[in-house]
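Below are two complexes that have chain A in common, paired first with chain B and then with chain C.
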Partner chain A sequence: MAETATTLPPAPAREASRFDVKAFLTRYGAWIALALLILVNLAITPNFATWQTLNVNLTQVCAIVIVGVGMTLVIATGGIDLSVGALMAIAGALAPLIFLGKLFPLPHPAIGIALAFVLPVLVTGFLGWCNGWLITHLRIQPIIATLVLFIAGRGIAQVFTNGNLQVFNLPEFQFIGLGRVFGIPFQAVLMVIIVAVAAWMLKRTVFGRQVLAIGGNERAARLAGIPVATVKQRVYLISGLLSGIAGLIVIARNSAADANLVGLGMELDAIAAVAVGGTLLTGGRATVVGTLVGALIIQLVRYTLLANGVPDAAALVAKAAIIVLAVWLQRQGQR
Partner chain B sequence: MTASATLKTLQTIGRFGVLLALVALIVFGWLRYENFLGTYNVLSVLRYNSMFALVALGMCFVIITGGIDLSVGSTAALGSVVAALASPYGAVPGLLAGLGAGLIVGACNAFIITRLNILPFITTLATMLAASGCALLLAGNQSVSVSYESGFTELGQGDFLGFPIPAWIAIAAYLLGSLVLNLTSFGRTVLAIGGNEDAARLMGLPANRVKALVYLASGGLAGLAGVILAAQFGAGQPIEGVGWELFAIAAVVVGGTLLTGGVGSVGSTLAGVLLLGLIFNILNFENGLGWISLSAYWQSVIRGLFLLLVVAIQARLSVRAEQTV
Partner chain C sequence: MAPLLSMHGINKRFAGIPALRAAELTVEKGEVHALIGQNGAGKSTLIKILTGYYAKDSGEIVFDGRPVAFTSPQEAQAAGISTIYQEINLVPYRSVTENICLGREKRRFGLLDWRSMHAEARALLARFDIDIDVHRPLMAYPTAVQQMVAIARAIGFDAKLVIMDEPTSSLDEREVDVLFGVIRQLKSAGVSVIFVSHKLDELYAVCDRVTIMRDGRTVQVAAMAELSRLDLVTTMLGRELTQVLQEGHKADDDAEAGEPVLKVRNLAVGRKVRDVSFEVHAGEIVGLAGLLGAGRTESVRAVFGADRPDAGTIRLSGAAGAISQPADAIRAGMGFCSEDRKLEGIIPDMSVRENMMLALMPQLAKRGIVDETRSREIVDQFIRRLGIRCSGPEQRIRELSGGNQQKVLLARWLCMNPRLLILDEPTRGIDVGAKAEILNLVRELAGQGLGVLMISSELEEVVEAASRIFVLRDGRTVAELEGDAVNEQTVMAAMAHGHEETREAVHG
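Here is the complex of A and B:
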């Protein structure tokens, strides 16, 4: 794969002279780690090379990747979005309320299902846009602006549902989480499409270039005539939309929506995936495909440990070590 | 207005703003509810919020240096588990064990941030996961009940001179914190690093050592909060502490400390903690009156709105200040 990281300015010229181990590790480290993990698993984990393993890992990782794509774009502008988990909870709470007809009477069940897909995602998109507005117009730091919704968002979802678990069985809606296309989980197909579109956008479109330019040097970007506020708002809007989609996938998969749990800790998982994937946390260099790889690495480590009888809690410690190691390697490569 | 004068004005508004809001809230509660200022309510609010106060104090120092510590919540959980495991040996060993666990996490943060030069945000995110994992491992995925014979529970439930012991601990920590920030060269270095780390370094201030100590202190205070948590509720709780870090950040911000660092006050952080804590208390009283019935879930919505209000006002003020410069 040639596509690893999209940088501005494109292709630094000094890489020809000699083989640089550190730079190589920074660039392809995530891929090497993923390959090693798969090899280790093939060697030690029983029944690893099966469809079932692939499906389990894919379904576990989908929501993280989809949220992680939005997070990648946000981090590429030098920002951060802590509200993603709370937004997932809001989308997850809204959708059942809509298709169960609790919010307003439905003329036809099909309309309810259609609205249950569209409305929650629009709402979370709007809330993401609000994050962007706070950041660009009131000039509040991203970490604080999105902290507001992190705190309030889950509360809003809980108030909607009064904290109750909403159970449902609606195959048409749950297709997004349980459905299959040619035997592949639909959510994985959706994930691949989202990653491909976002990677293309970041690499090939003006918008993508602007995102990276802002993350690289916001002042310079502004002086160069880039509409910084508009671009940033769009980035947070996208993050909100993707969080909404991830929220729908999670509730569809569980056949239940629990506002207390949907998306809990997702902001950390998404940031971890972005960091491990090789996106620069200070902005200016980002890779969407890397985020996918990062999420797969974190998921595979967890799976490897669990499949070999290590308790889940120890997997948390391993995850922490991976994050620190990945970011440390990244810093080594920069020097 | 010069830049430093602007900063001073902002600081004053931040400081008195939170005090005014706190006084207004207390007067509101006093006029509206019977027993709001009764001994029982006041003491239980203080007892419960002293844990958050300790965590917020550490966060205040970290934020003044321009950093952030996301690991405090799970550090407190780890502290509570370790303290509960050590509680059969008595109150002091339990206290020291919890404190020690917190200091270890703090030391990890300090090492990674100052030696490996990794952003505080991502470092403490990782140690948050690690501390939480350690807490779950030590506790075997369930809460660990404390010993009731050794006197350990006094640390959370006991009184000294008619005042809850956790509140004494918090008050002592805040007095010490205030002295350190305002009167020592360490405190001035903390402020200098937050104002401009490069300048502080060039002036020969021991920036790395001071930063390391700040994260160490934050970890230790979180461990202490965990000890109080375990003593108060009779169990070490590995899954408690979720969201504490954000509560602490919110309290610090509401108290007028700027997240960009360099400005901050220990006293207004305490006011911020009490303000956010009282919102929950008043919600309970309001429900008790029976006019409205708001579920506990409104608590976080109201806290979030409050935080929004404060940062929006702060942002407006600083934009205006920039324009007048």
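Here is the complex of A and C:
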């Protein structure tokens, strides 16, 4: 794997002599699975090698990957963020209120659209930071601290909208979900940029290395002077920001914001992508590109089954099986 | 009269390594018997074999006139051996009776028989002279009474032998008095007690006889009153008094001119550190000595900002503000190698390079981006200088031996040019060769002006390396030894008795 955030050492001499199948599978399993899936589809699925197929699959996977990047960072510190789906709903509810002028009068529609991009993401970022604050200052376990917004967040979003479905048609805003750049969906471009920046950050910046150090051994990190609380708060802040962006993409794609449905079940999809991608769920070892690959695998399996006439319910079972397999492989790799 | 318990020739190996070698333990009826020894001496293993937690490899156990080999703690309990652990768990919201009868409720026609349970609770408490209303919730009573209830519950009616494994480590002085009251009552009722503790005052206050263990062997059995404190400590640590008193070998004694790098006064942290004072000068190795639980680790953790002190002053020369977290201490020029390398030192999945650069990395970075070239240069330099054996800077640290891991952690601080380095058990779990290398390195660094504060359970090591030793006992500084006064004999004497006069000198 070209990008694995912990430094991969040259294999020790004693292992070099014989080929270690398990270690190989742990390290490259996700890539092999993705390649196999593509090959199988080329063979059996009609019209697979088309732009349309690519675009359909990319748009299906964008929101999951963007949220999954934030989730990867959170999990890298040894935490978890269950609030991402609810945060998407909050961002999704706020944006239409802003550009439809229901929250405050707009001097100019363009300002409304600009604010509709910025404010909801700032709000979800702030809420993510609050998650981090609960975890670091009140010492609440991440799963419980983020459960608060998981439960309350969607309610907050519904209060904003009085529980109404907000329908709109605003191409300037919906560019984020429907627009294309050179024929590629803009959301896919955005996704690739986010993945690239996050992967670089995790590997090259002090912040990224500190994230992994905390996940690898929090007590040692603290004794080495790493500002554990600050780093964790930032990680949850980033997860909140990215959830907000994903929320905007989803409502733009649907031309409607339904606080009940936006981001529903997203926390589990994101965690699944992270796990399948090869990030250690206990923290300390993480790969952002892996999360992208993981999300693509889950999506491709579903697509393969659907395109070949298997019902969606069965696809869910296949998804569960992939997750179990990936986590089992991880445990084997740890020895 | 035959003894209540006699364990004879007990052997036990774990993965081929002997933990007990023909260990002996004899407890008379109605006696309070102290069982002492350093960490790893084998006392816990011996007790766990007695209570059926482990199976012995060989040897025989006779309890109450019958040869026994318990296969579970429940079996031992049924035979009359009760164990009281350090932490006592009860349900504070429920009544005293419910707490006492928890897990052995009496039933009548399928329903709880409250009347006989209350009666049983009252009878049990009366045995320990506790007169309280058994219907009220446990939390209505002070902690000391709750402790008594817990002990009464653990002992029950049938105990012939009660094992107390460091029962006082989480109790305050008043609660300790209460516990001692219980022990005396047990004794007068003909119940025997095995008392495991590191606190000498307690042993002398309550025990009749003592069994001292070392390296899995029983090395001495004596009546408490006939064994001096010094003899007890000496036997426990296994040092010969005759071999000490070496010629003056200490490095520059004049190094301590000028202001100390670190000055700690009347430090108190939690229950383990009550009144600790010491200081470290530039270019000097200072040892903190003391028995297990004397408060050494807790003291230095507070100095480094890892734990919050309750009282006292910590002054680091040149430090800007107060030290409330490790990051402050590091900024002020301190480094700290924890006693537990695995738990608090290494980041196992990261490379040698990243482990070494962990503290320096933020300073080395430009605009938050890691400077890989600079960091590689520094790491290469330290790998050479400290002789770290690894396949290269990118090897994972978990694959290194303990000694090499420790060197990486030392380098983590040395690359920051610290003025004070705190080493808590720097040679624990390290082979002999690496041990010597690390100690030589520490001496060399001190020669270059670094102040070193060192804790080691191996007395020999501290005495040899340190030019000054502060001795702690029960969370207090009891002696400061310097120059010719630093030898194993004086240190052990201070660990056993403490020197009120030297203590005055420290405070003056």
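Please note the rule applied: the second predicted complex is superposed on the first by the 320 of 335 C-alpha atoms of A that agree within 3 Å, B and C clash if a C-alpha of one lies under 4 Å from a C-alpha of the other, contacts with A are read in each partner's own complex, and residues count from 1 in each chain.
By definition in this document, a contact is a pair of C-beta atoms (placed from the backbone, for glycine too) under 8 Å apart; a residue touches a chain by one contact, two chains touch by 3 or more.
Note that this is a predicted model, so its numbers are computed, not measured.
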| message | Quick check for you: in the superposed arrangement, does A:133 touch first (chain B), second (chain C), both or neither? | response | neither
| said: Let me test your reading of the model: by the given contact rule, A:168 touches which partner, first (chain B), second (chain C), both or neither? | reply: neither
| task | May I ask you to decide whether A:222 touches chain B, chain C, both, or neither, giving the answer as first, second, both or neither? | result | second
| query | Looking at the overlay, does A:31 come into contact with chain B only (first), chain C only (second), both, or neither? | reply | neither
| request: Considering only the touch criterion stated at the top, classify A:151 as touching first (chain B), second (chain C), both, or neither. | output: first
| query | First (chain B), second (chain C), both or neither: which does A:323 touch? | reply | first
| Of chain C, residues touching chain A in the complex | 304, 306, 325-327, 329-331, 336, 338, 343-351, 353-354, 358-359, 361-362, 365, 368-370, 391-392, 394-396, 399, 412
| Residue numbers on chain B that touch chain A, as the complex places them | 68, 112, 116-119, 121-123, 125-130, 132-137, 141, 242-243, 246-247, 249-250, 253, 259-260, 295, 297-301, 303-305, 307-308, 311-312, 315-316, 318-319
| field | Residues of chain A that touch chain B when the two form their complex | value | 80, 82, 134, 138-141, 143-145, 147-156, 158-159, 162-163, 264, 268, 271-272, 275, 281-282, 311-317, 319-321, 323-324, 327-328, 331
| message | Help me check something: in the complex, which residues belonging to chain A touch chain C? | response | 6-10, 12-13, 204-207, 209-210, 212-213, 216-217, 219-227, 280, 284-285
